[in-house]
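Following this message is one structure expressed as structure tokens.
Order of writing sets the chain letters: A, B and C. Residues in each chain are counted from 1.
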């Protein structure tokens, strides 16, 4: 037991690693603040395009979304990070993460927002247009607010996944939480810093998980 | 050489591709093996936890909820890294393959438990009462009346979640699992050419795109109608 | 009077601070149809649900067909086969056909083979006039038909007594008659029944005894004519005149 505590909850090492881990946490937060809006933007573009019900738009769009749902985000990231330099394009880890998330999480956000827009009755657009609002105005002021509210649990659940996915940044040397913890671990030969990172992830994401499981329970019950 | 030819020669180099094709194919096998293990053990464990939870034993349920919340909160890569780099300090040294399998199975278990549980609790109380009033036991009611309805309800969210988590097999590359991405990455550094990575990417699409398309079909087919 | 099939004594039921049953006695003789009326919240549904232990009484005793229902050694699942129950909201299993609904307990609790269970199930559906609907799922049936399938689900187990919890309250008016018809046939065949309902016409014609409950107690009971024409309590009179104004 003593030995286990020395290995996984070593106070001395924890104290030494704390600044490094907190630095990583800061970067994880900054990274999330970048990639969540980026993914939402990508998703919004896809959802609005899906609203154009022309087969020439619809089918390529569906293929695009399914492609990124099938493609592991890490593979996408490595492809950008390790592949593009061969084409003379060195983007750096941070930019690669941003692009990969824009594409990958955008596809997921897009599916969710599309379902949300579909859930708003046509009568809402008709009513808005009959008062003289333009198509874009009707979408912005009438449809989207209702759509977002209808799929809020799904949007939040996807956002949770996106924040967790930022840990992939560690693979391309973005100094986020996991990367920093692994740095500290390799210097100290002790897994305490990784345990610290896990605890930090748990503490910041647990409230969201709790909230979500309440919302999801309700959503599934309402489906019947 | 024109620009286009140079591009092809770099990213789709026939000689390199031929050389590393066997590596990529063996990576495909490892990915499939991992995926099948994760899906089976994760879903079975998730359903088992949901069934235990339906017994309503307070302290046990708190434990289940905590475990499920834990593995929903932690990034899968963190769990894998913790198992692979951390556990040896406790004299347990799981291989990269086992670390990836167990970690992702725990994640799938947790997400599927939540979904199964939501499905079970969404079946109206009257179904329980009707079945119990004809003399069916708790277990018989659960298996014959509640689960068939609950499972139908859970299939669409479960399919999507299972696909998303199974794609995580690529994370195994971080702990030296020789799955597709791992094989492709080491081939790239050996050949100084990105073609193996393109092959790896293609392999993922060939593997997972059909699953995603089938998932989409399942989603429409099992949309709940009464 | 024939031997009692149901003997409930001193039943109490608390829901938290709420005292829903305050010492209710109920005897039901063989082949008797007891009709329970009372305002909502009077405890009549709770009484009914105690009689097959869907609700656990807080105190009291219940004997059904000689079985002590509250004895922990009693196999409640076996006992419940002798006590049929029909619900307001039918509670048919939506993922099974009408025949599947009727035969599930026959196979799983009574231990009949599929062939035997199917034969009994078809007979039961025949009895409620739905022999031709055996393969339909609840979603393909009208409310009245669904409730008749629910009745068939109970009678297939050959219960000694049947409990009806507002069986027609969820039905459109034009469908009520078919369900009441089945209930009348059951009564004529000698089934012992306890019915909670607002169908006063049916009570007048078919009941042997009417019980008026209010605030967790049986206020009075007697033959339908006496209760409806000449109640001895003001509360009963007020309730009946209110119902009949509708």
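Miscellaneous remarks
We adopt the following convention: a contact is a pair of C-beta atoms (placed from the backbone, for glycine too) under 8 Å apart; a residue touches a chain by one contact, two chains touch by 3 or more.
On a predicted model such as this, the values are computed, not experimentally measured, just so you know.
Farthest chain from chain A, judged by C-alpha centroids: C.
Compare each chain's C-alpha centroid with the centroid of every protein C-alpha atom shown, and the nearest one belongs to B.
Centre to centre, using the average C-alpha position, chain A and chain B are separated by 18 Å. Put simply, the C-alpha centre of chain A and that of chain C have 54 angstrom between them. Between the CA-based centres of chain B and chain C the separation comes to 48 Å, rounded to the whole angstrom.
The set of chain B residues that touch two or more partner chains comprises 124, 226. Touching of two or more other chains is recorded for no residue of chain C.
Touching chain B in their complex are the following residues of chain A: 3-4, 7-8, 66-67, 69-75, 78-79, 82-83, 86-87, 160-161, 164-168, 170-171, 178, 182, 185, 190-191, 194-195, 197-198, 201-202, 205-206, 208-210, 213, 216-217, 220-221, 223-224.
Taken together, the chain C residues at the contact with chain B in this complex read 52, 54, 77-81, 83-85, 87, 89, 91-95, 104-105, 108-110, 139, 150, 153-154, 157.
The touching residues of chain B, counted against chain C in their complex, run 124, 126-127, 129-137, 140, 144-145, 148-149, 152, 225-226. Residues 7, 10-11, 69-70, 72-79, 81-82, 85-86, 89-90, 114-115, 117-119, 121-122, 124, 153-154, 157, 163-164, 167-171, 173-174, 180-181, 185, 188, 193-194, 197-198, 200-201, 204-205, 207-209, 211-213, 216, 224, 226 of chain B are the ones that touch chain A when the two sit in their complex.
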